[in-house]
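In order of appearance the chains are A, B, C, D, E and F, and numbering begins at 1 in each one.
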Amino acid sequence: MYELGVVYRNIQRADRATADALAALGSATVHEAMGRVGLMKPYMRPIYPGAQVSGTAVTVLLHPGDNWMMHVAAEQIQPGDIVVAAITADCSDGYFGDLLGTSFQARGARALVIDAGVRDVKELTRMNFPVWSKCISAKGCIKETIGSVNIPVVCAGMIVHPGDVIVADDDGVVCVPAALAAKTLATALAREANEGAKRDKLASGVLGLDMYRMREPLAAKGLRYID
Amino acid sequence: MYELGVVYRNIQRADRATADALAALGSATVHEAMGRVGLMKPYMRPIYPGAQVSGTAVTVLLHPGDNWMMHVAAEQIQPGDIVVAAITADCSDGYFGDLLGTSFQARGARALVIDAGVRDVKELTRMNFPVWSKCISAKGCIKETIGSVNIPVVCAGMIVHPGDVIVADDDGVVCVPAALAAKTLATALAREANEGAKRDKLASGVLGLDMYRMREPLAAKGLRYID
Amino acid sequence: MYELGVVYRNIQRADRATADALAALGSATVHEAMGRVGLMKPYMRPIYPGAQVSGTAVTVLLHPGDNWMMHVAAEQIQPGDIVVAAITADCSDGYFGDLLGTSFQARGARALVIDAGVRDVKELTRMNFPVWSKCISAKGCIKETIGSVNIPVVCAGMIVHPGDVIVADDDGVVCVPAALAAKTLATALAREANEGAKRDKLASGVLGLDMYRMREPLAAKGLRYID
Amino acid sequence: MYELGVVYRNIQRADRATADALAALGSATVHEAMGRVGLMKPYMRPIYPGAQVSGTAVTVLLHPGDNWMMHVAAEQIQPGDIVVAAITADCSDGYFGDLLGTSFQARGARALVIDAGVRDVKELTRMNFPVWSKCISAKGCIKETIGSVNIPVVCAGMIVHPGDVIVADDDGVVCVPAALAAKTLATALAREANEGAKRDKLASGVLGLDMYRMREPLAAKGLRYID
Amino acid sequence: MYELGVVYRNIQRADRATADALAALGSATVHEAMGRVGLMKPYMRPIYPGAQVSGTAVTVLLHPGDNWMMHVAAEQIQPGDIVVAAITADCSDGYFGDLLGTSFQARGARALVIDAGVRDVKELTRMNFPVWSKCISAKGCIKETIGSVNIPVVCAGMIVHPGDVIVADDDGVVCVPAALAAKTLATALAREANEGAKRDKLASGVLGLDMYRMREPLAAKGLRYID
Amino acid sequence: MYELGVVYRNIQRADRATADALAALGSATVHEAMGRVGLMKPYMRPIYPGAQVSGTAVTVLLHPGDNWMMHVAAEQIQPGDIVVAAITADCSDGYFGDLLGTSFQARGARALVIDAGVRDVKELTRMNFPVWSKCISAKGCIKETIGSVNIPVVCAGMIVHPGDVIVADDDGVVCVPAALAAKTLATALAREANEGAKRDKLASGVLGLDMYRMREPLAAKGLRYID
């Protein structure tokens, strides 16, 4: 069992090359490759469109209205990490702004994923530091209560262990357990390999009904056509 | 009565020229022209700003987490159609991505309106295929259960019959029953005809209070001014 | 006590120079300078990104589905004002579009803040007239029931008195009571004065833990590190 | 096409005996008997537990914050009816209280189903007049705008035609199209007929896995057991 | 202007007899008597049905996840008060349980109205201490940050000044400004005086259409009947 | 790593006596004893008031609209278990009714905790089988897709491992990791031991300010009193 009020300094990060390679595949393909699990709730939205990243998770558990542990988490960041922040209760406060963004970016973080609010979004956009969050809020936080860094957390409905791979883009945020990263990458690459051919066929007007041979199973289920 | 588990192939589409002409008027004007009805719930949002379309509805009713019928619907699309997708229960899954988008576009569809989630939004934006949806989600679907195509559906609180006209832009999505399309177009055009003159007057500083002669009815209702 | 069904014509606006100066500081800094109060609920979002304004509040209280008082409020606008609209019950209707926007802009209004819906957002964006609202909806309103102008209102959870300063940007909307505007400006400027130095330090890799001398108080609270 | 601003006086009600017989089966069984469609959204809740009713729909479409048409609808009620009220936009106002409840009850209405708020719930409970609603709110309405009675409406996501059968209990509200009522009743009765035997088996410890012979299809789908 | 971080000890409570008399009228009648304003958002629900109270407001503003000021507020309670608690940001934590309930009750408080969560609801029900809250949550709070007592607060969308009258029952929570209490009571009593006669008429089958003479104005608005 | 599509038959349940003893303490006290963590989101509500249970978790992960795995889970129930059901995406369908309730009860289950909907609540109440759920819905499910039993799941925002202790009552649902059950019980009992004395003091009018010696720390934080 992990403890609370503790910073775990030595975490086992997923293989760097694997973690990096998952970004290009995107959250939808990675989610499919995992067997349609691993996706955070769809209320998690990027503060600006177009960002597409992957990285290894540094996790932090904070209390409502208190962002003290963000500074503690900053020290644990290594280049290629993505910070995943969970709160012990629903909270819409702005836990993170451009100063923390500057610090995270200086430490090598690629993004923040937070199940709460964020602020200074204009500046963070200008800095090209992407954040996926539940909401945007100018409301600041206090620094009174300790939390924990690098324990397993539940962020937007998904369990994230420190060192897991996070893949985030305009479609959402997926967590790939470190132990499954290599296999997921392989499956995702295979899945994507024949997407181009499929796309060409569909673009030429071939129907999915024919390309995927769906007519027979649909009829078997009882689908009828009426003119 | 229509049946379930059925694809109705012969639907009566609204007059093409009328359907096409409604796009330029926009959802707000069309909604007013109908007597302030016909609007889907405002949680329906475009995946990118600026798209403004109209077209004839091909409807599809799907089950939660199951997008099999999207492929069945694709075959029923004719150029100028907009697919309207309803789900039998609240669901946030991503029912539609760039492959289906490619297929729909190849068939001549102008847009998708779906009371659920959509994914591959970066690619769909690049393809210039607009989608109005309840949310964005990377979560994929299974293909196990049959639904129905071209039956009346309730999408985001609005009844849509196959062949009705859909008008969608940044303000939302309106459904115009096919039988009312011509009359709605006429009313909307009349409504818009004098908007330019009104706008010029207001821009010059004339008050709506005076332009619309509201001072007397307001006083009659009891409005008082206190200095 | 103020009365209902009344338009208060003579309101005490906050000092113009102070009201104008607050825009540059942004909602997050102003909210902090006030002691972390004054922020409207984070569901209030701008219809387009990048706008950053401040101004003096003209308030209006409307009934659900009825925007008649918008025209009454227009007459009370002076250059530099921001109209703050509250509804007596939750409503998502589109109370405001490009015609009213033209009128407001002609009167010198800088923005609208409304705890309801807005429409014609493409046109309002083109006009560069920013609106912060709860939602976007093409649904129009009737003009049947009188409300009140320039009484204290609760908008998105925050009390706003006529003449208060409104600060709004991508992070949200803050209300600064007129009597606190000068003090808030001074505090906010002081707060921002040393942000540049902090940002430089953080960008160079110095940790907030050290810059803010947090290590000792964290240890005192019981934070432990485990390798 | 039906018209707006109109009261349709002659509606075709579903067969009385069939409509009455559906109450005893309950919303869950009736919904299953229809092929798992027809259920209003689950936010529709009874104001007190235990009520279980069925009846023929008298429909009414109202505007936000305006309950004038409730009085118009009252006149169209016949004994055995259930009034189904829809609003043209989301609204939480209390459209209905004990006075209207007294009137509806005197006319023979069995219940109200409303996609908005209701008030005087203590009194309505005492009167034994059940209401299924979106919320409870003391907020009253104005009487300014006409709507329509006995046109098809969308209530809580479900299309209801005048004369359809409504079945409501603690599990929710189902609409059975009049043309399907007899068939639905037959299917529902058949469905319920062997529920007692199933319940006895399950109560004795027999597993659904065995009773429904699920082990083989589960294995065929790939389900594995690990000790 | 009031200050933050302060407890105002001397507040002007509304007249006791007036405050007490409003309970019997209920939130719906009082809300109408005020001109259909004053109602908190309908998400405020009682923890058990049937309670109906009125009293004078002691207000408290707390921070998310921090209930320290509840103890400070307890000291300011006088017999006949109702504590109204607002939070500076959305929070679902359980700020109040049976121990605080015991203390409040011992001080003479009649109820708590809180725009956040409450816990120990079984015990509070047993104690007959009613609470109207946004939600129920077992989550406890810290005691780290000071707030304010007896300043104006916004609770569930409604401004409440210390000393105002709160009326709460199964239909919701209304705030009556102290200066309007006497007039509101008079209006509410007059309103209720002829409710009995109306109810008898409606119970006998007379329609509201006739009792309120609505047929003519409805026709004037264009309502038509179709057989 | 655990696998998907698998039923883990041999799980390590928390000590029975410890698991059973936690019920009497209730969710609020247990949550505090764990350090204010472990609570599911407050939208989880009991289908009837008054139930207070604890037990060991059998977990099940299902797909939206598909309750097939409920039958698989039933076989894994041992007396004293509570089934914890999570869905791979947000879903409001009714996954569980009186037949499954009969089966679960026959197997010795004490309750169901499900992050989705439940139906037949009147019958389940009569059977005295408590369910904590996100909503109530008559909508039934299909049986097409396999899920997993006894893997770690996230239910209403909380991670639950098979064998953990679940404590549920009117205040909500708490998960106590099996490894922490004994320590949590000890802490909770100690916490409760002096609640009676505290309650008596508070009931006699002693203030928490004095009983907890809060006056000095509040003053140190800057709290001021103004007459």
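Definition applied: a residue touches a chain if its C-beta (ideal position, glycine included) is under 8 Å from a C-beta of that chain, and two chains touch if they have at least 3 such contacts.
Since the structure is predicted, the reported quantities are computational estimates derived from the model, not experimental observations.
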- Distance in touch steps, counted as few as possible, from subunit A out to subunit F: 1
- Item | Homomeric contact subunit D-subunit E: same or different residue positions, threshold half | different
- Query: For subunit E and subunit F, what's the span in angstrom between their mean Cα positions?
  - Reply: 31
- Gap in Å, rounded to a whole number, between the CA centres of subunit D and subunit A: 41
- Chain-centre distance (mean CA atoms) for subunit A and subunit E, in whole Å, is 42
- Overlap residues in subunit A, where contacts from two or more other chains coincide: 5, 36, 39, 41, 63, 88-90, 92, 137, 139, 142, 145
- Item | Chain-to-chain touches, reported pairwise for every pair that qualifies | A-B, A-C, A-E, A-F, B-C, B-D, B-F, C-D, C-E, D-E, D-F, E-F
- Task: Please give the residue numbers of subunit F that touch subunit E in the complex, ascending.
- Result: 26-28, 31-32, 36, 39, 41-43, 45, 49-50, 52, 169-172, 174, 195, 198-199, 202-205, 207-209, 212, 214, 218, 221-227
- Which of the residues in subunit A come into contact with subunit E in the complex? 63-66, 88-93, 137, 139, 142, 144-145
- Touching residues (chain side subunit A, partner subunit C) in the complex: 3, 5-10, 68, 70-72, 74-75, 92, 94, 97-100, 102-103, 105-107, 117, 119-122, 135-140, 142-143, 145-146
- Query: What residues of subunit B sit close enough to touch subunit D in their complex?
  - Reply: 1, 4-5, 35-37, 39, 41, 63, 88-90, 152, 154, 157-159, 177, 179-180
